[in-house]
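I'd like to ask some things about the structure below.
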Amino acid sequence: MKYDKIVFGGLVVTPGGTIAADVAICGEKIAAIGSGLAELVPEAEKIDASGHLVLPGVLDVHVHLELPFCGTTSSDDYRTGTRAGARGGVTTLIDFAIPYGRDGKYESLSQAADNWHRKAEGKAMIDYTFHICITKWDQHFNQVKGMVDRGFPTFKEFMIYESEGWQSDDRAMFGTLELMAEYGSMLLVHAESSRVLDELIQRFHTPDMMQRYGARLHAMTRPNFIESEAIQRAVTWSEVTGGPLYIVHMSTGEGADIIQDAQARGIPVTAETCAQYLVLDDSVFAEPDGHLFACCPQVKKPKDVARLWQGLTDGEVSVVSTDTCSFTREQKAMWAGDWTKIPMGMPGLETLLPVVYTHGVLENRITLEQLVEKLSTNPARIMGLAPRKGMIQVGSDADLVIIHPDRKFEIDPATMETNTDWNPYEGSELAGFARTTLSRGEVIVDNYRVVGKEGRGQWLARTTAGPLK
Amino acid sequence: MKYDKIVFGGLVVTPGGTIAADVAICGEKIAAIGSGLAELVPEAEKIDASGHLVLPGVLDVHVHLELPFCGTTSSDDYRTGTRAGARGGVTTLIDFAIPYGRDGKYESLSQAADNWHRKAEGKAMIDYTFHICITKWDQHFNQVKGMVDRGFPTFKEFMIYESEGWQSDDRAMFGTLELMAEYGSMLLVHAESSRVLDELIQRFHTPDMMQRYGARLHAMTRPNFIESEAIQRAVTWSEVTGGPLYIVHMSTGEGADIIQDAQARGIPVTAETCAQYLVLDDSVFAEPDGHLFACCPQVKKPKDVARLWQGLTDGEVSVVSTDTCSFTREQKAMWAGDWTKIPMGMPGLETLLPVVYTHGVLENRITLEQLVEKLSTNPARIMGLAPRKGMIQVGSDADLVIIHPDRKFEIDPATMETNTDWNPYEGSELAGFARTTLSRGEVIVDNYRVVGKEGRGQWLARTTAGPLK
Amino acid sequence: MKYDKIVFGGLVVTPGGTIAADVAICGEKIAAIGSGLAELVPEAEKIDASGHLVLPGVLDVHVHLELPFCGTTSSDDYRTGTRAGARGGVTTLIDFAIPYGRDGKYESLSQAADNWHRKAEGKAMIDYTFHICITKWDQHFNQVKGMVDRGFPTFKEFMIYESEGWQSDDRAMFGTLELMAEYGSMLLVHAESSRVLDELIQRFHTPDMMQRYGARLHAMTRPNFIESEAIQRAVTWSEVTGGPLYIVHMSTGEGADIIQDAQARGIPVTAETCAQYLVLDDSVFAEPDGHLFACCPQVKKPKDVARLWQGLTDGEVSVVSTDTCSFTREQKAMWAGDWTKIPMGMPGLETLLPVVYTHGVLENRITLEQLVEKLSTNPARIMGLAPRKGMIQVGSDADLVIIHPDRKFEIDPATMETNTDWNPYEGSELAGFARTTLSRGEVIVDNYRVVGKEGRGQWLARTTAGPLK
Amino acid sequence: MKYDKIVFGGLVVTPGGTIAADVAICGEKIAAIGSGLAELVPEAEKIDASGHLVLPGVLDVHVHLELPFCGTTSSDDYRTGTRAGARGGVTTLIDFAIPYGRDGKYESLSQAADNWHRKAEGKAMIDYTFHICITKWDQHFNQVKGMVDRGFPTFKEFMIYESEGWQSDDRAMFGTLELMAEYGSMLLVHAESSRVLDELIQRFHTPDMMQRYGARLHAMTRPNFIESEAIQRAVTWSEVTGGPLYIVHMSTGEGADIIQDAQARGIPVTAETCAQYLVLDDSVFAEPDGHLFACCPQVKKPKDVARLWQGLTDGEVSVVSTDTCSFTREQKAMWAGDWTKIPMGMPGLETLLPVVYTHGVLENRITLEQLVEKLSTNPARIMGLAPRKGMIQVGSDADLVIIHPDRKFEIDPATMETNTDWNPYEGSELAGFARTTLSRGEVIVDNYRVVGKEGRGQWLARTTAGPLK
């Protein structure tokens, strides 16, 4: 055992708390954590973390890169997306492999995985894997087992997006959750109630209304019950099948209440929110560029924001991710005043850690240890990547991010790695950007600049996934 | 004010309790309740109720007569059905007017009401009205107000029966409940979860399985969550719209739990069960003639039976009805071993009061006052027929049923008014048949024999409907 | 059967609803209810109720007359108290017979009943009975059965009032509730948490504080948890023993929540509030004469007021009474600035119906039928006096009160029957005073004047008591 | 930084999971955790943990040594008690310093602490501190702050034990919890409902009953509600004051339900159970030597045992301790057939880890990580001793226990360190005894033999205590 590199002098956030210690790396792995390691192994390469915090690399488990969606393709691909991630301290991401259909005939789950592998290979700077989307239950149900065996134990279904050809119904969710219970795998669900949503959209989809309300209609047509009814229903299917369920991008306080209750009753359900639901609210839609902020589900009310933070400390919200799906101003302009035509999504990988660190830790909503739990440890555990990823622990991958405790940078799209010309946090100042990022022992961000090689990122095979015990 | 008839000497179940009193009738109405009325008005016609119980006429608010269904037509029409009702003490029934569709074009709600009026006119011996079924939301939504104005404040939607062309989805329920909140009317819902039910039916619908399990498959493909998920969902739409909701033929204990919780939270939801769910369980399907007992939803487990009785005393189950839909043995034989082809339904009007009186009151599960509440007073109040119907009260219609407290009759299809050659309670002995039935002051059952005239029954106009206060 | 008197032309509130009908009386009982009775029996005495409402006489089941308390004796005795009741439509009251102790030796329960009989006899104008207070469990426990046999199935324990020698502890409550379960009787509890109350009183009981806050200290030392902890504890003893429990004068919203939850779990517990908790709040203590308003427990906050009205419509609050315990201004002046010395209590019998009618029915918080339920029917049923009292029903006592629907009188102590020189509702205008009161068929209030004879009131024997079914 | 000793080759249970690693010790502290440390520092003393598990030393936070109680003194003092602890892997204990009273005048809290310091000094082999008992609120309330400042942030009150002069009432609990909220300290409560317990004891305390039921009366007089009512009440005081509350030795399933609910509502309450409640039930009292098993509260029913294990995995039970209070057979014989005279208590320190390891981990009720959480990490965090104690973490005290994963020893009082001649687990075989125990870097158990020096244990100062975040 040779210690190649030693990160010294920092405050290290470990599963047992934050301690002053050195972290020794051997090859791609963490080899030791201790006092005085730097002096003990003078020959090792030294990385000075004095005056800094040393965190496990962040896992963003909800990312879409180069996604054909809403009539265009999202603007961040694996090259720009993973560079953005690296700068934000993200060392692992999980994308969604989506099988497309034509004339009712869908690609296989395996083809979808292949397609996404191709997007990533040669471009990704950080490690990655995919959730496998089930878009046509009748054709896909007997392919699920094969994908688990191939290293993909997480699947996803959308309760909306009929027009994209992605929508699943109760039968698909029920059937998939039965399989999840059998295979030790987990179903991610985009929970919105499609038919009532359709109804509300149809009511407001008139020239008159669009003239009058513009982008505000995005929020007006999605009252909170659109999400909460769908969560309730998905939870019911999880309860009766015993299949592990993971609610993605939960945006409502009502959702948090349902999850809290379900967990207390022992139902294997987990909830994720995204950074934007913790800091933005739907007052953005009243602003001139409001349409830029359209993502799906949309950001909600201040009381939802408060309830979601509460969920992070109470425990019913286990993960913060981003639902990264970047579009440029030009792409967003396709809406032309009709909110149903806005390419929905926003950038996020680069600002996940800064946003949650600045608004969560520095503003005393959560502790530093809770931040690490929600951004690294929990996602790794739930998605079947622990203990390899998600914690600073002997034997784990040496994925580390070193941040200054309070140095802030102004958010300016022009200076960011993300491939967009606007940013939801534009103009604000955020701390928590990576001074140094290590991925499997290799420095990929140095002195706030991305220095890693494209294509060095690896696909991560997994065997099981499911709720925290 | 002249007292034409006086029912004397009986124990009269009034809203304030059971008292020894005479009931004086003037024309079609109850004119007085009191001691000594018979002596006071010697010239009035006397009906001796000595040694008997005098109850308000029963309302069966869930009846299908002459219904085209499952490829045949139910065997009781307004002639035999209302005779059967009269013999069982039923003086008011509510049927369901269903608009049928061909090639996607549906009859209007008004045409459906007209059709049902035609079935009833000239045949009905007792009073009646209809719930109006909404089978095609897109075509029917703007006809709802007109039907309320025409005297029909109760509507119904089916969450299943796609093949019959009757199925409603979340959008229809949501939209209808919004209208109910606006018009002071109420939506009845047949709550079963269609897509998962389809899935389960499809799994078992093989020659092998049918050979092996026969009629038991009817229960095996409808686990309790098929009903409870649907009830939960309907309740959610009631909650978010404020629209009054009435769950018909609730058959599961889980359903009762959901209703209890919803009522405690102030949601305007009411639940009905049927007599068969209170006395039968799904062990019937293992018997040689098990297929006869197929109704929809099917009878459930003994623990559901117990929970529904509990719901009657606790209060979350407000009404007992029958879902009368008679078929003969020959009609039932159409199944030929395939449970999905059984004409679903059973007779009920004639035995509603006897079954609930015998198994409820005589077996001390409920009091006599509770029986009257669940069979007469509550249905009248909820369906917008009180105080005209449902109680022995000055000014109300003189609809009375006089029963002997313990005289029993054996159930024998050959001697019944119901037009079927089998009966779910065949061979058992039941008390509670009408010795005398009065409908609007007229004797239509005398000494256990039906003596009323066909066609004397009247349609009952109503203005509002909704939950008990 | 001869009909002596007939109340005609009014709107009569019966258990089945409000109807236009005549009420015929034979001796002390209601003999018939019907249309046209007045014409049918021309020889009967007629009481014209045209344009008026005819209600069952009110039961005030929480009354203290001529009570030695707080170093003085309450100013209304059976003469003035029952006159006041008659004017307010109260035809039955229940007082509390309290055994006093000297040197640790207490009067027996039977002696206490005898003492209270003596207070009532020859003076009472309306019917009455007593709850039997258990003030010394060790001496009283084996006298409970005897009191039930003597016609007293309701008992009371105080969780406070150590200085009066009345306080019961958990052991007494537990033991008494065990007996209640055995005898079909019921325990009433004054629920306040004694030791923490003592602590809070002691903290504030300084010249400084009394100078500064005056009568406001009465509220400041009794935060809501003083009542709610005690209710929770009493409910626990009811739950584990199965003994019927009745919480008297509940004043907090938290209490209503506990009762609602307990009833949903099937615990045999009932709650009463008093008229003052429905219309006054503790802002009264900030006024110059604030000390007059001290009763125990004290009136609470506007949110409690709102929650208690809600409890009346939801059902968890079953009864409204008064806790009548009148003191004159001179008696109240004994406080001399020390709130712990205020004689606690206020008049109530005369204004119970007017207050609840005016603020409840006329202000649309409850219906007329709900008023009758909470003031007459429920108290009669719960206290073991139904069907004799509490409803307009053939065979019941002819206790009737006839009120004008909107004629108001200004509250002026000088013109009231109550023996006090102040009134909590002084200066306000209330409808609902009795134009006519009948007690067992006899007119005791005529044209708003009390005309009944002293001493005509009778003691009411009872056999069982307990929660509404 | 010099690494003096290295524990190598074992599986180490760290806060982040169980890993193969070496643990390097510098003086009294853990200096590093890593792969290959043993080879890297050849000069360090080596402790071979190959084939063994390395756990953090256990904290038993509920211990009574040399306690005058029930008319005698418990038989384990700081010499035998801490030797027993060491053999069982316990490296920290918390005892209870109790101020005694004579003629109503009580020792001060400070005197009590002094007394307990004297018991421990010169004898203790492991580290220790005390909870400070408040036995006379009126005299002690103004001494609380001083004890927090002196390093004692945990206090205790008994809701029973009037005869010992220890009993607190609601006023004391309320007042203490107010102080806890203010000082960042925590109140431990022995929750049993005194007055109803007295009643039940009195009922059964007859020669007849004692003859007939013997030691079984200990359980018969303490139905579960004796504990649960008291827990509910204590929780209420915690809720209204915001003061952190810790329920000691919780023995009932009902208690676990209350705690679960309270935590969900955000009340700062924590629960501890003891090893005996997880493996014994009250069938022991029917055996000939049943009286030996009397502790207080007594062991309960199998369903409580199951619920408490569930509480450990669900999370509402945070700590397992022992309530060690040893008595010899001779001392226990003082009962002479009267269960109220049994010296209540049992030994526990020596078997805490073996019992929970054998019945919990080896029988798959909890994981190894959960065991460490409940026996080490949680008690350290809650009692204000983390991160110094309770986890294997760089910078923490080198308190380690090395156990063989499955080597079992038969429980034989003759070969144990505990000073008693019987044992509740006598005859059973338990794994989990310490092969090696290190306390602050010093080996005190070597090859299953106690080798540490008496008196080397240190008192542990603390500043705050409270619930897990």
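Order as written gives the chain letters A, B, C and D; numbering starts at 1 within each chain.
Operating definition for what follows: contacts are C-beta pairs under 8 Å (C-beta built on N, C-alpha and C of every residue); 3 or more make two chains touch, one makes a residue touch a chain.
The shown structure was predicted, so the numbers you read here are calculated from the model rather than taken from an experiment.
K.L.:
If you apply the touch rule, which chains end up adjacent to both chain C and chain D?
P.N.:
Looking at chain D and chain C together, no chain touches each of them.
K.L.:
With chain centres set to the mean of the C-alpha atoms, which chain is at the far end from chain C?
P.N.:
Max centre-to-centre separation from chain C belongs to A.
K.L.:
Let me have the rounded angstrom distance from the C-alpha centre of chain A over to the C-alpha centre of chain C, please.
P.N.:
So the centre of chain A lies 62 Å away from the centre of chain C.
K.L.:
Could you please state the distance in Å, as a whole number, between where the Cα atoms of chain A are centred and where those of chain B are centred?
P.N.:
It comes to 52 Å between the two C-alpha centres.
K.L.:
Chain B to chain C: how many Å between their CA centres?
P.N.:
About 42 Å, centre to centre.
K.L.:
Can you list the chain A residues touching chain B in their complex?
P.N.:
By the definition above, chain A touches chain B via 169-171, 174-175, 193-196, 198-199, 223, 225, 228-229, 232-233, 236-237, 240.
K.L.:
In the complex formed with chain C, which residues of chain B make contact?
P.N.:
For this pair, the touching residues of chain B are 1, 14-17, 19-21, 24, 26, 31-37, 39-41, 260, 264, 266, 313, 367, 386-387, 391-395, 469.
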